Amino acid sequence: MKSKLVPIAALLAAALASPATLAQKKYDPGASDTEIRIGNTNPYSGPASAYGTIGKTITAYFKMVDDQGGINGRKINFISYDDAYSPPKTVEMVRKLVEQDNVLFVFQTLGTPSNTAIHKYMNMKKVPQLHVATGASKWNDPKNFPWTMGWQPNYQTEARIYAKSILQTKPDVKIGVLYQNDDYGKDYLKGLKDGLGDKAAKAIVAEVSYEVSDPTVDSQIVQLQASGANVFFNVGTPKFAAQAIRKAYDIGWKPVQYLNNVSSSIGAVLTPAGLEKSVGIITTAYLKDYSDSQWANDPAVKRWESFMKKYYPTGDLNDSSNMYGYTVARTLEQVLKQCGDNLTRENVMKQAASMKGQYIDTLLPGITITTSDNDYAPIESVQMQRFNGKRWERFGEVMGN
Amino acid sequence: MALLEVKGLHASYGPTRVLHGMNFAIDEGSITAVLGANGAGKTTTLRALCGMVKTEGEVRFGGARIDGRLTEDIVRLGIAHVPDGRGTFVNLTTEENLRLGAYTHKDPAAVESDLERVFGYFPRLKERLRQQAGTLSGGEQQMLAVSRAMMLRPRLLLLDEPSFGLAPLLVRELFEIMRTVNQRERVSILLVEQNAAMALDLADHAYLIETGRVVLSGPADEIKRDDAVRRSYLGY
Amino acid sequence: MDAFIHQVLSGLATGGIYASLALALVMIYQVTHLVNFAQGEMAMFSTYAAWSLINAGMGYWPAFLLTVLFAFALGVVIERVVIRPVEDAPVLAIVVIFIALLVILNSATGWIYSYTIKTFPSPFPKEPLFGNTYVSSHELGAIGVTLVVLVLLYVFFRFTPLGLAMRAVAQNPESSRLVGIRVGWMLALGWGLAAAVGAVAGMMIAPIVYLDPNMMGGILLYAFAAALLGGIESPFGAVLGGFVVGVLENVLGAYVIGNDLKLSVALGLIIGVLLVRPSGFFGRVHVTRV
Amino acid sequence: MTRRASIGVAVLLVIACLLLPFVVSNYRTFQFTLVLVYAIALLGLNILTGYNGQISLGHGAFYAIGAYTAAVLMDRLGAPYWATVPAAGAVCLVAGFLFGLPALRLEGLYLALATFALGVSMPQLLKYHHLEKWTGGVQGIVIAKPEPPAFLHEAGLRMNSDQWLYFFALTVAAVMFVLGWNLLRGRVGRALIAIRDQHIAAEAMGINSALYKSLAFGVSAMYTGVAGALGAIAVQYVAPDSFTIFLSLVFLVGIVVGGLASISGALYGALFIQFVPNVADEISKAAPWAIFGLFLIGFVYLMPTGVAGAVRMLLVRFTRKGAK
């Protein structure tokens, strides 16, 4: 291809056909020289509307990206619909995104049931279902579902890490588990049991569930105390986790406490529960916590704060979901940057699956994003930390699978 | 001057018009009977006076216009209405029913003396004070309804078919008491009745209505002697 | 045994939560013969108002009083503006309006205050009474406040002309007009009082379950069950019903059926009781001669 | 409207329904399939609540039972999708009838509580660990999408699965509506209404109100169950989270907005609950429920007897003018 004809041929091609041939520009529906259309569903109404803030953060983030000139010169058109956390509505809205709005891909659709509902459809249509907002383990299955990818560390892995830690530190262990009776709670429970292996049956002395409609988990905590457990694994969403921590303290139950990552925010969980009641709690984390004083002067957190104030002023700074949304949006930004001018669905998937130790500065130090053709789990490692009454103290190595 | 003056009163339920320009008047201190067949508009007439149906025309009470005003405001001017079906608060006790009658009076002492006054007419109610009103007998409920109206200390008492469902003896007793009330307390009474004979015995003045219009009026004695009335309403 | 006592006491504490909201339901029922499904969200919204006042630096009790007044006004305004125009519509249409109010208040609160849980202060001491580990001072205090509200309501309905008039309006609006009661205002007043009772409930509940827009979701159902179990017209019944539901739920969950089905089984049992005794513990059987 | 005009409108409507999937996109076709599904469910609820005056705040539970019946039959037992629809109807008929028996003794608020409790409990029952083998627990069941039958292809009719599903739902809906129309316009319908309006008088007239009331429950649940099965097939997924209490409340909203005790009201209501949330979402992401609530209040204000009532009144006015 070194002949003189090449430039002429290129010119000809550019003049005759699509601009795609020029400089390798390639587009699938939803991408063009000027814009990239991205679809999303979030529960802005309904019982899970607390999580809708993630969608709002991402929307705000891409607004900021656009204000700064877009990605590779293209504006991001982030189309987000309300699915009320109802799987049938998710199916409907995602079909609208794919078939009517012609988005290039969907991103951060939220909830395990919702994503399960569209899982098959997306893979049949060969439209990426990227960085879904759920911690189930099934999103890392590139063989069977090459168009679907998760993002956050999955619940089961996290629970296995706790299991390992429990086994190392406590010889005579009696574990009491509080879990939300849904996919999220049961994933953690399963992970814990897997991690404990054949010791699980003996080690777990009580597993009690709660429903999101329960006003309190007081009764459950009393049950756990009565079981004689000396380790408490708290798998609750922020409100219930906080209730549990407070109640355990108030009734004089003093187990070693493991708290699931979903509820590890100091501002949204430990402060309401009472900081003095939270001393000694162990959790894992992968994101920086705005309400943790150790990050008060961190430049990355500062940048996040000014972004929030400017682009999402009604967002609650203590809500860790907003940090989550920001970080995942930046992950996508990185993927799209890597795509360059080749904005096909295949290339989006390919780029998303070829991140090598990518660090995003709102992740904890040492936590990076790594993916490959057969590894569709972007964040696999977490950092253990213990609460000292004021802030989280990280300890041990960054742990992964 | 008449206590109540009605001119060209129309009334309708939704699209159906029931009263077609009624004219009548009630003198202070009198007993007036309104007679008529079923469906002639007797009950509607009483309801129209109290603003309980949509009306057109003029109603004056003590010289002031009251048409178009709210029922509760009309009542507060001193018009007590014992409605069709008695309007008992069946789940409340007898005493509570009576106290509700005095709702617009704020002076507790006066309410207590009103209670005693009413018990003077209807001693039976005193025995039933704590009883749920719905469990009273028909006659007792009628007495309660009249008593409740009297607790208002009205200037004008509207009675809708007080004889309905009562034994003749009880009706006579009730009408006697009404006459006493009228004379002793100077309460004017407007009585709507199917039982024309007894009503005319009690009343000073009577109106006969048919399909929403007054067709005959005059002193009760004269009406009683009217041939048409005798044939159609008195049955002799 | 200790654990059992603990479950019962903790059930009483939770029952107190149900009781307090059940009182508001009884209040509105007394006047309108309707159960307002938005009662919980109105209480939640008022509690957020209290939170704003306290956060702005106001003392607890002034904020408490101001919130009760605010809630009263909110109730009156909702009755006048939203309910009045559909007064004559079928009952189900009004139920749908309640649902609309529920979602509007829930969504608007989430929008204004975000969904992150907030702590709400308690007026009672931090340390538990006599150093016990069973119930916190706030839980005891909240039960006390509920009982005070109960007595106030009882006195109001039993012994004041206004209370009597409200009961009359609920039963027979037409007859009520005929004794000179301003029915429209009574309904508005009833809404106002129910909202005020609900606001007290909200401020007592929030320190226990934390303040968030969805805090009343589960509680409303239990409060509804409690009110019916006790006899929907009886404030006493509502409170007793609340305690029964709270204890029943805990004991079932801990010892009988497990936590995942306790709600279903508890509700099933309550409905079973209502099948046998439709008027609840304290509801009067209404007999009417035709 | 004259008889001929109404026949004309009906024919136009049928033609529009038949042509619809060939005119609009697949995604819209899917939406209208859901409208049909909801319309069947709402008709079911209307039989119970609108015609018979028994309130249900928990009809989502029967919808869930229907959906799970279909999903379990297809996924665990390999039944063909079309067979699951009558099966779901039968299961729900029995379930509704059984639930209706104790509910006979409950009226008004008490029935509201009982049905509310049913609606709230259903997701928890579906998650119950002893049933997990069948229900798939919290993960739910993913089911296969039905393809158009081969004979259509052989007959030269090319259809994608969305279009086929739409016609399948349309057929079921048509059958259910015709059945409903016959039922409600006849003796049974009159008996149901008589029980609603004049309970004692109906008994005196020799109507066995206990039987009719529990039958109404059964038939109503059957309709809703059929809808649930269709819905599951259309969405290809069932999970406990699809059937929360809000689904039940939305159904109630649907029949009130559409028109109580009205057959056509079920259709208007279905359009409302399918499309108005989308409109609310378009208006505001901040608080879409608030917008939805305002729409709801607006509809009840303007049309207290539902869309069907308003349409009826418009038609009356229209024909009166026409007569003049």
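Note that the chains are named A, B, C and D in the order they appear, and that numbering of residues resets to 1 at the start of each chain.
One rule holds in what follows: a contact is a pair of C-beta atoms (placed from the backbone, for glycine too) under 8 Å apart; a residue touches a chain by one contact, two chains touch by 3 or more.
It should be emphasised that the depicted structure is a prediction, and the values quoted were computed from it without experimental measurement.
Both chain B and chain D are touched by C.
Chain centres were defined as the mean of their Cα atoms; on that basis the chain farthest from chain C turns out to be B. When the C-beta contacts at B-C and at C-D are tallied, the pair with the greater total is C-D.
If you average the Cα atoms of chain B and of chain C, the two centres end up 42 Å apart.
Separation between the centroids of chain A and chain B, computed from CA atoms only, is 76 Å.
The distance from the centre of chain C to the centre of chain D, with each centre set as the mean of the Cα atoms, comes to 33 Å. Taking each chain's centre as the mean of its C-alpha atoms, chain A lies 37 Å from chain D.
Contact of a single residue of chain A with at least two other chains is seen at positions 45, 47, 49, 52, 181, 211, 213, 314. Shared interface positions of chain D, i.e. residues touching 2 or more other chains, are given as 120, 124, 127, 286-289, 292. Chain contact topology: the protein chains form a pattern that is neither a line, a ring, a star nor a complete graph. Listed by chain label, the pairs that touch are A-C, A-D, B-C, C-D.
Here chain B touches chain C in the complex through residues 50, 52, 70-72, 75-76, 80-81, 83, 87-92, 96, 99-101, 103-104, 132, 134-138, 141, 148, 152, going by the rule given at the top.
On the chain D side of its complex with chain A, the touching residues are 25-28, 30-31, 34, 120, 124, 127, 137-140, 142, 231, 235-237, 239-242, 244, 246-247, 277-278, 280-281, 285-289, 292.
Every residue of chain D that touches chain C in the complex is listed here, in rising order: 49, 55, 102, 105-106, 109-110, 112-114, 116-117, 120-121, 124-125, 127-129, 249, 252-253, 255-257, 260, 286-290, 292-294, 296-297, 300-301, 304-305. On the chain C side of its complex with chain D, the touching residues are 35, 82, 85-86, 88-90, 92-93, 95-97, 99-104, 106-108, 110-111, 221, 224-225, 228, 232, 260-261, 263-264, 267-268, 270-271, 274-275, 278. Per the touch definition, chain C reaches chain B in the complex via residues 161, 164-165, 167-168, 171-172, 174-183, 284, 286-289.
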